[in-house]
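The structure follows.
Note that the chains take the letters A, B, C, D and E in the order they are written out, and that residue 1 is the start of every chain.
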Amino acid sequence: MTDISPVPLTIEGASVLHQVFEFDWKAWRGSPDRHRILEEATAALRELEPGKQSEGDQPKTVQSALYSVLGHKGDLMLVHFRDSVEDLNRIELALAQTAFHSFLRPKFSYLSIVELSLYESSRKTYASLAEQGLEQHSPEWNAAIEKVLDRQREAMAQRLFPSIPAAKHICFYPMDRLRTGKQNWYALPLDQRQQLMHDHGMIGRRYGDRVRQIISGSIGLDDWEWGVDLFADDPVVFKQLIYEMRFDEASSLYADFSSFYVGIRLPIDQLEAWTEGRIGDAS
Amino acid sequence: MTDISPVPLTIEGASVLHQVFEFDWKAWRGSPDRHRILEEATAALRELEPGKQSEGDQPKTVQSALYSVLGHKGDLMLVHFRDSVEDLNRIELALAQTAFHSFLRPKFSYLSIVELSLYESSRKTYASLAEQGLEQHSPEWNAAIEKVLDRQREAMAQRLFPSIPAAKHICFYPMDRLRTGKQNWYALPLDQRQQLMHDHGMIGRRYGDRVRQIISGSIGLDDWEWGVDLFADDPVVFKQLIYEMRFDEASSLYADFSSFYVGIRLPIDQLEAWTEGRIGDAS
Amino acid sequence: MTDISPVPLTIEGASVLHQVFEFDWKAWRGSPDRHRILEEATAALRELEPGKQSEGDQPKTVQSALYSVLGHKGDLMLVHFRDSVEDLNRIELALAQTAFHSFLRPKFSYLSIVELSLYESSRKTYASLAEQGLEQHSPEWNAAIEKVLDRQREAMAQRLFPSIPAAKHICFYPMDRLRTGKQNWYALPLDQRQQLMHDHGMIGRRYGDRVRQIISGSIGLDDWEWGVDLFADDPVVFKQLIYEMRFDEASSLYADFSSFYVGIRLPIDQLEAWTEGRIGDAS
Amino acid sequence: MTDISPVPLTIEGASVLHQVFEFDWKAWRGSPDRHRILEEATAALRELEPGKQSEGDQPKTVQSALYSVLGHKGDLMLVHFRDSVEDLNRIELALAQTAFHSFLRPKFSYLSIVELSLYESSRKTYASLAEQGLEQHSPEWNAAIEKVLDRQREAMAQRLFPSIPAAKHICFYPMDRLRTGKQNWYALPLDQRQQLMHDHGMIGRRYGDRVRQIISGSIGLDDWEWGVDLFADDPVVFKQLIYEMRFDEASSLYADFSSFYVGIRLPIDQLEAWTEGRIGDAS
Amino acid sequence: MTDISPVPLTIEGASVLHQVFEFDWKAWRGSPDRHRILEEATAALRELEPGKQSEGDQPKTVQSALYSVLGHKGDLMLVHFRDSVEDLNRIELALAQTAFHSFLRPKFSYLSIVELSLYESSRKTYASLAEQGLEQHSPEWNAAIEKVLDRQREAMAQRLFPSIPAAKHICFYPMDRLRTGKQNWYALPLDQRQQLMHDHGMIGRRYGDRVRQIISGSIGLDDWEWGVDLFADDPVVFKQLIYEMRFDEASSLYADFSSFYVGIRLPIDQLEAWTEGRIGDAS
């Protein structure tokens, strides 16, 4: 056993819930109360916006956004960022109180927590603490690590508790790192993973002006290890970025992908227009 | 790191949505308003035809086609080519406004964007820019690449924004390139992939007079990496072409296939006849 | 590149559709019109029998058969052999016109085309044409191949457009040839595949008096590469034959199996008895 | 090709059908006719007991048993042993005639035939016939084999047409033998498989007083190769036996498992008590 | 064959059932009898609490807890610890008697038995018995083993029949040990597995003050080999602990994970508040 932990230092931020619903168009078309139901729903969804949710401490993050989803995987996607998993459950229960909820059939959801993996900092910190002769997980080592994490949490607060980008399109997908035969991410030394993540990040950086990315971790929370949200005005960029990344070793050798959900931002106030078949008219 | 990017130059065209529906025959047989519902549906589906959709700029591509699908995977398939993902979502919402939609249960869909991979051009361009000493992703390199892409986009405009072939049968299937152990497409050098795609294309060329092919990319858009549409008057050709290709290294070693959807072209005006059990009577 | 194609010469015959339905017993028990519905259904199903279907050219094959399926995968299976995919779609639409169809829930289907792989003939023909110095896919080569195929199509007409055997039991299953690592059927030389198929066929021959087999190809038509229909009076033979074949290299190394559907032949005239719980009384 | 067949001699007995149903508790609670429906169902299920079924030859095996299933995979499981697949289908159709059937939703089923693999006998017989110079599958060889099988069928009649053990709990699971890379059961020589099955059997023997096992083969009949039924008064023994076996090479290297179904024996006469929430009161 | 068994000594305790239900919010909102239904349900769920269940011997464990589940996998999860599988089935049937059950749709369940794997004790015991010249599975060997197990069962009684921790959050997931190629847990020598489990346990110990863990075995009982329940006040700890463990060889090489279910403890008395959208108000 070396003095270098294989586990990258990681800091966590907002709790995240993605909810994908199929809309029961048939029941909706037959419903006599559409306008009243939409008024109640729109009010409830507006309640999810900043500053309304928590009555205790001022929450760091109250961010929800609605998207019109492409294809049969669903019709509407809600993305929520909150301070806690419990707050996310409260949103689910609040939504379930509305009449609009009767027209929503849950098709998919994803629970995760915004995270930043501090690969470069991990490598340096572990090396430095090893040089100082501190034993891993000793009280001194723990204290030193905690100090690094605290400093990073403060420096990265805006990325840990992000605002939802205003971009017109979203692309969400869960993913794993492979653990099969020689393609075992978790058996690689930290140094190598740091290098792979660095190269991977360099591709993302070249797309930085066209796409915003939020990574959330879901090990122990949902069925894949990470959730990735991409936000862009032009959805072709999703394809270009992820295609280019697929040739990167971090992806070509070590990534396993689940389903991809693509949606178009739907301001709450345009929900009624959406039910009538209109989208993006104001843009 | 070499100066040769592994990523083939790729140009994009029309946004594509495949929609597969099961038809609720039981409810249909019990519906008193069949004729009126069909009139409304036929009118709405005709609206999807060229020149009606967009009110802003003249769209490059407004192409939709309807197919009668074989087997339990669905009864009807709609294939749409449009200028944007947003336009595709508008089609979904427009269809959801019709009474006919109550008889359609979504079974499958696929979102993709027509693409052409310029393998030969990539190889030459990357080599030439490397010879000129241009660093990858430098402003000069980017400008040179963009120039190549623009020239190709113009030259290939008809293939990027294609008309839907009038052939009697369609075969649609999504597919991946493998990334397992030694069968890792994304870990092959560009030269080798170029050669494999060239050999692969030679098979297709021999079938050129009997089958038309449209490739669309879906990395970052849907659950597989590519969608393939084949159009042919004789469906036996689908089997012969894909069987022959399966022995090709690009397929035998590196292709992973999903479901196959086979359908028979159904002109909008024959939708009523279709509901009454008649198909292809005019052919 | 050698002058020997890896693709075996293959001839095609009848188009085939398997339809597996769950029967809605609950709705059926509650239906007041059972007798009338059965009369209409029985008449429609009899229409599927020889000589009634096509009004144009005399079809080579109009063969349909009904089976009572074991287990929860379905209750009824219809197997149709026709001249074209379009004719198969017409059957689906015709069935959908009956009231009986309201009690059928589609659970599975399979689209394929009867095929014979001419491995021995391929090996000899390719070798002979190579000796003659004909280049693959040259006009002369193509003409010579087409001549072989035509001769075989004529000689094999009865196997390409088969009658459905009268045997009491059916066993249907789709299957693939593997393409994983060293178990890659499509990467084997034609000679080796010819030998494996020969050994495989020798097992089948020993069961020839107890079981009839029809192979149909479904690459490009459905989700597996082949469909296999076995017909036997004693269903134990299905188990014995397929178990013995599993030790054969063609199966042990290169076969991947999907679901198995086992049914008991149900003459159309016994459909009413079947709904009342009686089967095989006359046998 | 050696004179030793890789296929173990195998003898077959009763045809077996497992049926797993979800019980529609909601509809049941709302049904006014519960008592009458239960009377009819109990009578029908009693009909499945010995001596009532066949009117022709006296059947060797008429054994059915009912189980209350744990968890969401189902509520009730029926296990039937009969002389033929056709008799099993008759049971399905008979059950479908009852009003009780309206409350049963099929969740799973499994079709198989009781079998005994005569590994030790195979090895000896094949060796002895080879010594005698008999060619495999020659008429003399076939006759000699048939004689061995007949002798074994007679000796093993009770195990081939077993009574359902009275034990309080059942554990049913389908399984395959692997055929992947080096873990290919079907590519092992018969001798080695015989040794592995012998070691495997030795573990079972140590549990012989606490658990009864019935193996049925389902190659060519259902989606896995074998079905395993274990019967025990104490369900902890299922876990202990199968855990111990998992370290055995026959399992650790060559077994692939599907779902496990665990149930508690429910005498027909206690079906009404079961619907009222009581189970095992008499035990 | 060595005298060292590969099977770790294992002791079993309480039988466990996890039940995950979707709540039919639409039907609930439309139900006129909500208050009465909740009164009955709350009473029935309270019956599941200690001391009410069994009328025979005093049960060692009667522990049930209710959780509000995150996401579309379900809305409510019930976790039951009992003395027997039969008692667990009684709970299912008791719940099915309530009107509240009509609003619950089973989505998932898991049957298992609390277990402790005595790796260190196994190694020592097996070595000592081998030194004494006792043959494995001989009566003397069995007696000696049984003595060790009895002693451990007594010492570990509280962990075998645990109380459900009062922590605010639960994380439940089933898992397997891999048996593929070189990553075959069951083919490792006992010594190596003991070392891997020891290292694995050391990580858990560091989280001991923040998370409680209960391991139950499900080989032969359900579709995965083990069920893991984690209990913590802060759900971020689930992610941190399991992420850190994933780098451990026991997980990185040998673990295969299924779905993860995360919930928030819901005291029975707050069920009505939950249906009205309130959760955790008292905390």
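Throughout what follows, a residue touches a chain if its C-beta (ideal position, glycine included) is under 8 Å from a C-beta of that chain, and two chains touch if they have at least 3 such contacts.
As the structure is a computational prediction, the values presented were derived from the model and not from experiment.
Here the chain-to-chain distance from subunit A to subunit C, counted in touching steps, is 2.
The rotation that brings the Cα trace of subunit A onto that of subunit D spans 145°, given to the nearest 5. For this pair, subunit C with subunit E, the centres built from the Cα atoms lie 47 Å apart. Separating the CA-averaged centres of subunit D and subunit E is a span of 29 Å. Residues of subunit D in contact with two or more other chains: 180-181.
Taken as a graph of touching chains, this assembly forms a single closed ring in which every chain touches exactly two others. In the complex of the two chains, the subunit C residues touching subunit D come out as 22-23, 25-26, 29, 68, 70-73, 168-169, 171, 173, 180-183, 206, 230, 235-236, 238-244, 246-247, 249, 251-253, 258-260, 262, 264, 274, 276-280. Interface of subunit E with subunit D (complex): residues 6-7, 10, 12, 15, 17, 19-20, 84-86, 88-90, 92-94, 96-97, 99, 101-102, 106-111, 113, 115, 137, 179-181, 184, 186-187, 217-223.
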